[in-house]
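First the structure, in the form of structure tokens, and then the observations on it.
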């Protein structure tokens, strides 16, 4: 029997039971949709989160005071061994370092003309705008003053500016942050949230003024931007040596953006696979559906099988025909599922423009391969049952 | 036809089509079991977090320095503001009638060393009330002296892990060690207990609050832990606290109050939503099983049309025929759901044996929802085949010419 | 049009039914007038396609006429809903088919109890009346056997037992011996005649003239019309 004939035969067999075939592949399609949609969602979230982090550039190294494994707490707590502005300055002179941003963060009441608002205050170095990708809506960012003795300038986030000034002009006005006066020299474009902190409800001031405002000796973090041609290991080593030389021991923690991204990527990939395997349950049920229907089909078509055998077809031929039927059902279900997924993803682009979801081609190929496999697994027993039928018995089973 | 007869009649049908029945049961129980197992993981996570919080006691209120007026978003956990929250503020708050205990905290990282062993750990400066407020018990020795409430003294209580790192199996009591450049005498060791709210209590040193002020050269409190007498007076207490702070901070209530309830309900909401959505995704498989039931019922109607014709000739009405087929689906999905729930519970029991610290628990609502979804799918998807059976013409059906299910 | 006497069990008045085979209309029943009294034993004969099975299905309330009326026990049946017709089939009419129509997965006793089960009788009574009917057809020892373990004659006896288990006043048999050999066929006819002599009205559709001659009234249908109605 030629390939063409086999496919024609299978096609006719499936068409003869149109409703049955349709329902079978519909089950399969829902399973495929569940898997591919969950994976696309997982991939979309992964992409989105990684982008959130890489917007600061990937050649970034964060130094926090205190040598402790407690992730993220280092900068907030007190320390007997502060990370000072001088530490930051010394790092900026290291070979391979492009920019250094000392950071201190807190909250403070910000007042202007009788209005007062408690907001975030970030004491930062003058390069923070370029490293953190802060876009200015008006004016300019903090100038390249001496780190120790910067002029009392402030740059306001968009929400904060709106709350204090409304639509009036803020540039050149004086605001009180804590008890000190600052002159507004810039307003930022809206940026949104990062890790739960609203960057739009934040005032940016020179870091030395921030330390004074919060009455702290120690910076919370020093962000180091290094040249792209230097490895993360090398720059970590240099920073470590430099700070150890200054402090006498390793009382700080280094985290490279690479490490953060790597562990984040790992977590997000796991989430993606977990999501996909949730959908897999439905796919398995769809596969069992094919098995069930194929078992019924072979027993119903015993007469046809007997006739084919009587007419001289071999057992492997019979087996392949029924196996083929199962695989075609699975693949057709897969195609339908992918089509449903694709249209849902198109819909999502329109509904959630912020989270672009795509169906990567390798996902499509994987789905087709998995479906073919499911078809084969589901088809093996019915097909070998059919092939093993005694032709005389099978013929006699006609009604 | 009595219910009993109907069940018996249908079970004979199901028993005869053994393969079909088994595979259908497999699909339904697979779907239900997945829902049960997955929600049990989510619910377990929720209970784990619940447990963590309730080990704090539900009358706890946290006071953080600084505040933002941003709507939504996380509270300003970094707790840095121009005006420090001080021990004096804490002592003023202690005057409020509804406050049973108060534990101001100064937190910092410092190098703790003894002999040749050293370790950089979180060091907490606090008052003796800290131990009952956090439900910490002393495994060895004594907690901080009563005088630690307002005076510095060179005494320290160690976490169990820190003690092990510095002293091994030797007795640490009354031994001297260094924190930063200062000397402290070990008075007690905390009982072994796991991580709690992100802080590893086993790897900490706890010293009197005034000593911490000197050590870190800063009077700024990291936060204040309060335990209220009456939790139903929470809102009043919050107001009283803000009033006190405003009085002491030139009219500014520049602190953030977090009640255990609000933290808990945030986590609760997130985890319950997560559990529900994971369960819902697993429940899609029940939809697929439903479509399979419809398919097989249609086939069944067509294969059994002679029997259906006969039943009608013998006086079975259309509603009776329909209800026979619906009962069949009901029996299948009902028992499938039971089997699935049983297997899910079994998996949960096994998981509990393997991971005794994680409270896996299949929530009843998920089991009920999965069961009713399974049964609902069964009824919904067999309605059409059952109606087709009910509508068969008895004469044609008995001749096997009614067409029945599939064309 | 003459009024039927009130004692008539079945009264057909101008009963007509048309089928379409392709585009050609076929008069299965062409205005049948017929009165049957309780206790009669009637054989219906005729060439195939003459409408005899249609007539039996009509009387058995399995089919609905296009026009004309059918009164069963004085009750006009045309306006009855399916529910009521199903109930009448269950309580008043016993069917016996050429192909037996036994459900293969059920035992002889269970097959017989089907109508009792449909009527919602308690299990104990189903058992008891089922066994009684089995005894009547002489198959008590075979109560637990499946249809495929029984001979053709035995299968038809089970079918007869099922038809009489509700003790209906009317028995309709469509070629009851058609699938049986001569000897078993004879036994089945004797069984049916015995039931008739106990008072059940018996209608037998047959193409076997030897069987037809044994009845007390013979009807012959040709092209949907009664051409002979003779009592012997």
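By written order: A, B and C. Residues from 1 in each chain.
Note that a contact is a pair of C-beta atoms (placed from the backbone, for glycine too) under 8 Å apart; a residue touches a chain by one contact, two chains touch by 3 or more.
Remember, predicted model here, so these are calculated numbers, not experimental data.
Touch-path distance (fewest steps) from chain B to chain C is 1.
Put simply, the chain farthest from chain A by mean CA position is C. Central chain by Cα centroid: B, whose mean Cα position is closest to the mean of all protein Cα atoms.
Measuring from the averaged C-alpha position of chain B to that of chain C gives a distance of 68 Å. Between chain A and chain C, the centres computed from C-alpha atoms are 74 Å apart. Centroid to centroid, with C-alpha atoms defining each point, chain A and chain B lie 24 Å apart. The residues of chain A lying in touch with chain B in their complex are 17-20, 23-24, 26-27, 30-31, 34, 38, 65-68, 70, 73-81, 104-109, 117-120, 159, 163, 177-179, 193, 195-198, 201, 213-217, 220, 249, 251, 275, 278-279, 281-282, 284-286, 288-289, 291-293, 295-296, 300, 399. The part of chain B that touches chain A in the complex is made up of residues 19-20, 23-24, 26-27, 30-31, 34, 38, 66-70, 73-74, 76-84, 106-111, 120-122, 180-181, 198-200, 212, 215-218, 220, 222, 252, 254, 278, 281-282, 284-285, 287-289, 291-292, 294-296, 298-299, 303, 400, 405-407. On the side of chain C, the complex with chain B involves touching residues 57, 60, 62-63, 82-83, 86-91, 95, 97, 99, 101, 103, 105-106, 114-115, 117-123, 126, 162. Across the complex, chain B meets chain C through its residues 1-2, 4-5, 9, 12-13, 16, 306-307, 309-320, 394-395, 398.
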